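In structure tokens below, several structures.
Below, subunit A partners subunit B and then partners subunit C, in two separate complexes.
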Partner chain A sequence: MKRSQLVAISILAVLLVAALVSGAARADSHARQFRDLPEARPSSAFPLGTDDLGRDRLSRLLFATGISLVLAPAAAVLATVLAALVGGMAGYFGRWWDKCTVRVIDLMLSLPWLFLLLAARALLPLNAPPVASLAMTYGLLAVLGWAGPARVVRAGTLRLRQSAFVLQATAEGCGALRILWRHVIPNLKPLLLAQFWTTIPVFILAEANLGLLGLSASEPFPTWGNLLRELQNPFSVRLESFAPLAVVMLSVACFKLATPSQERYT
Partner chain B sequence: MTLRTIVKILGVRIGTLALTVLAGGLLTAFLVRASPGFDVDERELDPRLNAASRDSIQQERAANRNILGFYGNRLERMVLHGDLGTSPSLNRPIAQLFRERLPVTAQIMAIGIGGGWALAFALAMPAVVCRSRVFRGLVGSFQQLLMCLPAAALALLVFDFGGPVRALVALVICPRVFEYLRNLLVEAYAQPHIVTARAKGLGGGRIWARHVLPSVAPQLLALAGVSVSIAFAAAIPVEALCDLPGIGQLAWQAATARDLPMLVAITFLVIVMTQVCNSLSDWAGLRGRQA
Partner chain C sequence: MKRLLVLIAMVGLALPGVRAGQVATELHFCLHSEPKTFDPLLVDDVNSETIRYLTGGVLIRIDRKTQQLTPELAASWEVDRAGRRIAFHLRPNLKFSDGTPFSAEDVAYTMKRLMDPETHSPTADPFRSSDAPAQITVSGTLTVSILFGAPVSGLERLFDQVAITSARSPLKTAAVLGPYSVAEYKPGAEVLLSRNPNYWKVDVQGVRLPYIDRIRLEIQRNRDIELVRFRRGELDLISSLDADTFDDLAKVAPRSVFDAGASLESEMMWFNQAPSAPLPAYKLAWFQSTAFRRAVSEAINRADICRIVYRGRARPAEGPISPANRFWFNAALKPHAYDVASSRRRLESDGFRIRNGRLYDREGHPVEFSVVTNAGNHNRERIASMLQQDLEAIGIRLNVVTLDFPSLIERITKTFDYESCLLGLTNFDLDPSAQMNVWLSSAANHQWNPSQKQPATAWEAEIDKLVRAQAGETRAEVRKRYFDRVQQIVWEQAPFLYLVTKDSLTGISPEVQNSSPVAMTPQAFWNIEFLRKQVPPAGSR
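This part shows the complex of A and B:
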């Protein structure tokens, strides 16, 4: 592992531990309101001050960090599994299945990603409870985010289909699904891992964009996207309002740095 | 290539495009129909309406319940009469809304694509030629910084500080184009015939114009098609958050108001736009490779 990858993973680990410790110390810290202290300046009690409802900005930021650092990778796992299934089957079975899959992938990749997300998210209830809206947002990212990785997996499967061990397994009468599950997909593991790491920052940025447009998790749940909405009012923007943006950028940069190189696998 | 082959290729491309557009539109219509709360009309909650009025509203919505019927009817009106229907949420003809808002989005996208590509070239060409690690590091850091910023946050920052919001899309396109462009140019600049030309003292401008750029043109043309899709995706938060009356803002309003006819019409428009641009760039790239 390169030094830059190690540093990136360490930073992400520190952020995650801070978020988990903060959540464990007081589960409702993100929603607790200090009604006599709205819009408080940073102090020792509130290092990032409070928002217009008197909620501690740091607690909310740490809570949102925990959510994103857990749910974005979870959604990336789901998207990668979908990509492995769809891309693997298309590459292995070929013919009409491959043609149809390639058309669907092309269609999904040609559509603007944010438009697709926006339309699909708006079709789901907008007034759902906070936990449900959070699950819907990340579930949607996973369900719509498989197309890019599936194309890479398909190319990898096409290459493996011609390999000696697959030909031997076929000659010995091994079933197609068994070959795919036991031989092809395990050999695609490094490729899938690279796709998983590549997908996480994409999902984090997508959630931030959706949150800013008011289509992410509903209040009082803080997500990075929801916290960034504070920047919408230019008159109330202060230095500490940029803290969520800094954390988003730091996390995205760390995930990008931590991504293993795909060149080794392609 | 004979005329017959060209006609055949064109026929296949147009057929595929038509099928993709139809499939995309039908999928959107199905999704909207299946979404929770589709049958709810807030007008029915108005206590001033009597039973007859509520029945009338329900009948109005009943026409949209059979999705295949709705879609067939919509296609017939669109193809035969050029009628895109009326937006229930804005209560105005969709074609009229498109006419008003398309120029805004077209301008934002044109400035964004042109500016983004120009900026990417301006950064990538010196990054290829210059051997200074510091310069390469600075350019790379700038690109990574832009890649790590959510487009919507970038829109808000520029809007808050009174920057040129119409040119914002360029900052979203630039880092994506730059990354690909720099790799292509580095590869092309190290080709043996270009190294020989440099060693023989051929001028820098001539090397770029005659050798480097023509060799990467097909790949760049393919990327140009993708830029349209990226530009539209970036235009949505820019228009929605900076209050620019374009198609991106309309898409956001239609999505939040669950405006079925509007969503289907915008999906048609977006699919046609992206597919035509991708087909054109593929075709141009193919011609470039053959040449």
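This part shows the complex of A and C:
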């Protein structure tokens, strides 16, 4: 592992631990409104001040960080597994299966994501608790976000299918599923890993977009997206309001740095 | 010497303080989308309404400041005791903007066109008290009377919306009697209005109004860009500011912001009581219980919402009529008091119990419901968040759901798949007859339980009776008595939980003189003909 990857993963780990410790110390600190202290300046009690409802900005930022650092990778795992299944089978079995899959991937990639997400979100049950609505939002991102990685996986599988070791295994009478499971997928691991890491920042930014539109987690849950909304009014923005932006940028940069090189595969 | 005089004359024209009229003055402000029509009889959107207000001449105008009727094209009028006939006596020697003389024939032509079902005029709807056609009689050039098939409540006030068009002008609806006429329209960009040279009003010195020569209405959908341009001094007026923006502007330009007090806009919440709603029976029972609704209302700290969300530029709401509506507001009503102890008592009296900080109904169901509101409305999202904390104090778990607007409307008007809703209400019309479509239990906009075949409750039946009675009554004081009772019932039964009445906040450039913002639309330019604009020194912008 390169030093830059190590540093990036360490930073992400520190952020995650800080978020989890903060959450464990006081579960409702992100939601509690100190109504006598709206928009308070940073102080020892509130190191990043309070928001317009008097909620502790630091607690909310750490809570949002925890959410994104847990749920975005979880959604990325789901998207990568779907991509591996769909892309792997298309690449390996070829013929009509491949043709159909390619069309479905093209269709998925041509869909207007945001509108699809809006429509899908409008169908969610109204009484879902905030944590469930957030999980469903990330779940939707995963279900809608597998197509890009699937195309890459398919291309990789196509190449592997024509490799010498697969030809040899076929010649020795190995079944298709065994070849796929024992030979193809293990060789796709670096590719899948790269897809996993590159998908995380995509999902983080997609959630941030939804949050900016007010369509991410429901109140009182903070997410990076809805915390960034404080920056929408350029005339009233304060220095401490940039903290979520800094953390989002830092995290996305760390995920990008942590993405393993695909050189081993290519 | 001759050259020097020419030079002095040229410099004089460019300098401030030269006599008004020598340098053309232009007022700039924004429309927030394309006006759908320039035909004053077909107006049904805010932007077309703005054009109509600035260009249309009306027989009677509601003075936006006093909220009283003032004679305009009609020097006087009479309404018969039955409220069916109105007779106008017109001002003599008036002309349309193109010079065509104005007469009673134009009023008759306008009214015939207005009432013609083929015109599909939204302005005509309140006049349609019966299926019988209106009979219009012209007597001479300056008297016209209109007889309607049945009494029309608040008849004379409705003429505030009827801009008179010419029966004879070749320009048709483009010939106007208001202070301005449309000079140029660039779709998607701007509407330029120029001063009507034949406008009939003069000031006390006998100077013909309006003072400002042109109005440039830029079509700008983005409120942030509008605000930036106002701050730069490129726009002169900005209406309906939110409290955050108002405070930001007040910090940098305190002379350019105006809080005109309570507006006609309020925020409210209601529970879905429709029996056809896909809700569990026990939840429907909560929502149909007056005690439950009143308990929720009493647990809401409206003062905090005003102070925090609206920065003090709002006030706890009493009911459906804002105090800004001076005549119709029921001054005997006070906002539901914030009283958690009383709220708990009400709930207990209705069979609810609080155990370990959670509220349970008599069957043991934990009380939890969702409130839907439109995504992107930061103030509503903040209110919802405050409601969450307030209701937690009486053991209720509130789930806030923000939806895109079409999805929200679909749920509250078609599928009824929601539990409670938080939205705003704007009354453009002062007269309560305009709210008939909300209060009648048979109405589709009777939001908590729409389109009822029979009133579901005794109090809804009483409201039906009262709003019908006031609509058929012409004596204002009797109508007021009826509608005061409606407000009282709504206060007692709380089908809508009125939360706050927002202040009317506007921004007006210090260069604009004689401005006097009000609660009614158009807040900032209701007295457009009297507004003056100081010509800024050359290069000051």
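Rule of thumb we're sticking to: the second predicted complex is superposed on the first by the 241 of 266 C-alpha atoms of A that agree within 3 Å, B and C clash if a C-alpha of one lies under 4 Å from a C-alpha of the other, contacts with A are read in each partner's own complex, and residues count from 1 in each chain.
One rule holds for everything that comes next: a residue touches a chain if its C-beta (ideal position, glycine included) is under 8 Å from a C-beta of that chain, and two chains touch if they have at least 3 such contacts.
Note that the structure is a prediction, hence the values are computed from the model and not measured.
Counting the residues of subunit A touched by each of subunit B and subunit C gives the higher count for B.
Looking at the shared chain after the overlay, A:A253 reaches subunit B, while subunit C stays out of its contact range. Legend: residue contacts after superposition of the two complexes on their common chain; A:S44 is shown touching neither subunit B nor subunit C.
Legend: residue contacts after superposition of the two complexes on their common chain; A:L245 is shown touching subunit B, with no touch to subunit C. Contact with both subunit B and subunit C is seen for A:L213 once the two complexes are overlaid on the shared chain.
Residue contacts after overlaying the shared chain place A:L107 against subunit B, while subunit C stays out of touching range.
After overlaying the two complexes on the shared chain, residue contacts for A:L118 are found with subunit B and with subunit C alike. Subunit A residues in contact with subunit B (one complex) as well as with subunit C (other complex) are 118-119, 121-122, 126, 213-215, 232. Contacts from subunit B toward subunit A in the complex involve residues 16, 20, 23-24, 28, 31-32, 34-37, 144-145, 147-153, 156-157, 159-161, 229-230, 232-234, 236-237, 240-241, 251-252, 255-256, 258, 263, 266-267, 270-271, 274-275, 278. Across the complex, subunit C meets subunit A through its residues 224, 227, 231, 244-245, 247-248, 252, 304, 307-309, 368-370, 372, 375-378, 381-382, 384-386, 388-389, 399-404, 407, 417-419. Those residues of subunit A lying in contact with subunit C across their complex are 31-33, 35, 38, 52-54, 118-119, 121-122, 126-130, 133, 213-215, 218-220, 229, 232-233, 235-236. Touching subunit B in their complex are the following residues of subunit A: 103, 106-107, 110-115, 118-126, 201, 205, 208-209, 212-215, 225, 228, 231-232, 234, 237, 245, 248-249, 252-253, 256.
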